[in-house]
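Order of writing sets the labels: A, B and C. Residues in every chain begin at 1.
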Amino acid sequence: MPGILVVASALEGTLGRSALELVGGARTLAGPLGSKVSAALVGSGKALAGGPETLHRHGVETVYRCDQQALTAGQSDAALAAVDAVVKAAQPDVVLVGADTVGREVAPRLAYRLMAALATEVMSLAAEGQTILVRRQVYGGRAIATLAITSRPAVISVKPRTLDAPEPAPVPGRVEDVAVSIDPAALPTRVKEVQSQKAEVGLDDAQVVVGGGRGVGGPDGFKLLAQLAASLGGAVGSSRPPADEGWVPITWQIGQTGKSIRPNLYIAVGISGAAQHVAGVSGSRTIVAINKDPEAPIFSLAHLGLVGDYKQIVPALIERINAAKGA
Amino acid sequence: MNTIVCLKQVVDPELPQWDFAIDPATKRQVRTGKPLVISTYDENALELALQLKDKAGGKVTALTIGPAGEVKDAIRLALAMGADEAVVVDDATAPVLLGADKAAILAAAVKRIGTYDLVLTGCESADWVERSVAPFLAEALGAACVTFVTKLDPGQGSVTARRTSEEGFHVIEARLPAVMSVTSDESIRPRLPKVKDIMGAMRKPVQNWVRSDVAAEAVSSPVEVREVSVPQRTTKCEFLDGEPAQQAQALIEKLQSLKLI
Amino acid sequence: MYTKVDFALADEHRVVQAAAADFAAREIAPLAAELDHSGAFPRELIRKAADAGLLGMTVPEAYGGAGLDAVSYVVAQEELARASAGVQTIITVNNSLVCDPIVHFGSEAQRKRYLPALASGRSLGCYCLTEPSSGSDAMSLRTGARLEGESWILNGTKAFVTNAVEADVCLVYARSGPEPGAKGVSAFIVEKSFPGVRVGKVEKKLGIKCSSTAEIILENARVPKENVLGEIGQGGRIALGTLDGGRLGIAAQAVGIARASLDASRAYARERRQFGRVIGEFQAVQWMLADMATRIEAARLLMYRAAWLRSQDRPHAREASMAKLFASETAMWASHKAVQIHGGYGYIQEYPAERYFRDAKITEIYEGTSEVQRIIIGRSVVGPRS
């Protein structure tokens, strides 16, 4: 029976959320393709704990486990070696990889080793007979390309936070430990340092996000936006120019090279609405735009628009929100 | 430290929305008559290569695939910025080739160039945004691979790179030869080509090869581009007018009614 | 008989154009409005322009210049002027009115001494021809020069000198002999640091505000004999030859201003909505844009041809005059229409249209007024006096 292998990464110390998104995507394809879903659980020691159970609970019958000391944060070479070993054991037709920092290096390299068909950064998965159809953003988010994959094996990397996590669908499962020897000293790269600049409320999970653009004018303006975000229990992000200018850390950047987010509420302040940024937020349920320029492209994306100076509007908002909370 | 920088020419991504159109025949952006520029992050890669040369010496080679007539200006600019030499693989089909095909040709061209320590390219192309060329190239060349790099420090037979991650950054030490892709950073501002270096640039060596000069080997299996479409926006923006205080009040009420706050 | 006519810019010209446009967009454009409001000399920006090779574009590489031809020069100057006419004024004067005459008429010693500094931006040049009582009638100038031992002693006042405040090197025309008119005039390379040289009244202008315009006052200024440019009595010829190149620089400035006016008008016409549609769809506006575009193309072609002739070392006085005349009148017309298209916003300083309008006016005046250009062209059309 053909198989879809999901790469469930535990490199960061625990099973990442992308694993479940991929399982959801795999399950969408499994029915139409007549395939079984399995997972490659890669990590080291304690990071793997609970992983198989979580995967079984969401419908993955076979978990191929790879436990190696070298499988830690940022170690793409080790991850590639581990996934390669699992692929040899599982012989899947399709491999799904999350396009995170490591995944986006692993996917093409795995495709090379397998001479597989490759599609990267996809936002949706569907099947048409035995053809896999994927959609991905191109031209800075201005257009959507639909790719059709007929050959096997196929390696597909999925853009984080674009697929929904699946509903639980417990199945009795088994774990197969895959033997592979990864000598850290023999790897071409060595991870010397891993630095996290985690914000208080993560941009990835926040239900409310306030984003600032070039119109914010400088780092001070972002302090005001942070206050607004805090009053709404949300996170702050930015379009590319503030990150490029150094007004905000690069991890705040939303958009093509930055993150994609899908909060319930996205408030864009001083953001013109260039395609690249829009691509990162277009999945938001409600978009509010605050901008001095009534002709700014962001207003053709936003649901609610406020034309004016954010330096006057945002304090007024913060005041009213805090008043309503106090009441 | 000898560096090869892979550059791709794309239709200017800053073109206004009304000037953006997909050609149904090629399933790519309409290119005829549009201004062409070096892909954004490829420029960053070139700048980083030049910064490395300023620091540690060595040679910078600009490599591109494209219709020779089209890429001429991009190559001259790269040479005027400081690249020492250029290689052009003349291929009229280049504008429609996907990352895998590009990587195959680039790998063959790099092998033919021969001596290098580092191959740099942009983390993603401004048009197709696949992020696949650098990893494919690394495999095809048997080189180390680090993507989304913002800083580089040469070492002995190795290079230490700072890679952007979702939470922050990683510091990676990579053995040479290595293939790295470069992203944006405050410290990477592509230098302006000096008008005074343009005459000199016209005299720097440019090798012109054709596709058949490089024996490209496939790096993956082909994928079909079914369709490229421009999504139509259907949202109609509701404007909340008045003084800032009134706007704020109206917004709060609207969001409350939508149960968003 | 077939004539090969090629309207395409050569590789070298296109690359120079791209580099100049890049520089203008990145370095000049963000400062343009502020420089106009403050009128402050953009010292740091001029240093960067010098670094990029923009201050000595046609100076041979042997003397530290970029070694480019006249077509590259006008193509680049047009891009710079599009971003800021004021900044480009500073740059074009250095190139056309100071570097050029030293290249063409200077001795080897003078070239070696002054060109590297002028091309690299270590020195800035200015051109001292006009006086309070001699403008269009340039050769009626009264600044005197008399030989005293190993030095020439200069006395007089030069007016409307661009870059006067910041310049280190002044190209000064003075009457060195008893012959009336041009024959009695000589050109001198005068360093600001020579005794007796000082800056006089600094003028406030309608436009091109960030370039300084002031008097240069010579009071028994002591100029070494070696600093005579060319021969004694050759001043008239040098002035004439220099103005050909200078007019090309101003033609480029005018084309740049006109293009900026068109670009701003087009963008505004695409965004501004009245009566339910963008105003760019109304015939009245469209026709203004059509006329702007047509005149700009014509001005550019005149400019390219004159520059091409110059690059081929062919006579080009008439063509340079035509280019300057037509381009400057185009700039005035186009910037005027730009203000009109912008409506009320065309009068407001937050929008660039009014700056283009104010900057354009000088192009019809300096380096030979439009009236003087018509005299030159007219004489060339009618032919020699009978």
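A few points about this structure:
Methods note: a contact is a pair of C-beta atoms (placed from the backbone, for glycine too) under 8 Å apart; a residue touches a chain by one contact, two chains touch by 3 or more.
Fair warning: this is a prediction, and the values are worked out from it, not measured in the lab.
Taken as a graph of touching chains, this assembly forms an open line, each chain in contact only with its neighbours along the path.
Of all chain pairs in this entry, the one linked by the most C-beta contacts is A-B.
Once CA atoms are averaged chain by chain and compared with the all-protein CA average, the nearest chain turns out to be B. Centroids built from CA atoms put subunit B at 21 Å from subunit A. Work out the mean CA point of subunit A and of subunit C, and you get 55 Å between them.
Centre-to-centre separation of subunit B and subunit C, using mean CA positions: 39 Å.
Those residues of subunit C in touch with two or more other chains do not exist in this structure. Shared interface positions of subunit B, i.e. residues touching 2 or more other chains, are not present. Partner subunit B is touched in their complex by these residues of subunit A: 73-74, 76-77, 99-101, 104-109, 111-113, 115-121, 133, 136-140, 142-151, 154, 160, 188-198, 204, 208, 232, 240, 243-246, 249-251, 256-257, 259, 264-265, 275, 285-289, 297, 299-309, 312-313, 316-317, 319-321, 324. Taken in their complex, subunit C has these residues touching subunit B: 11-12, 14-16, 18-20, 22-23, 26-27, 51-54, 56-57, 61, 65-68, 72, 76, 270.
Taken in their complex, subunit B has these residues touching subunit C: 18, 72-73, 76-77, 80, 192-199, 201-202. Subunit B contributes residues 13, 17, 20, 22, 27, 29, 99-100, 123-124, 126-132, 135-136, 138-140, 143-148, 150, 160, 163-175, 178, 183-186, 218-231, 233, 235, 237-241, 244-245, 247-249, 251-252, 254-256, 258, 260-261 to its touches with subunit A in the complex.
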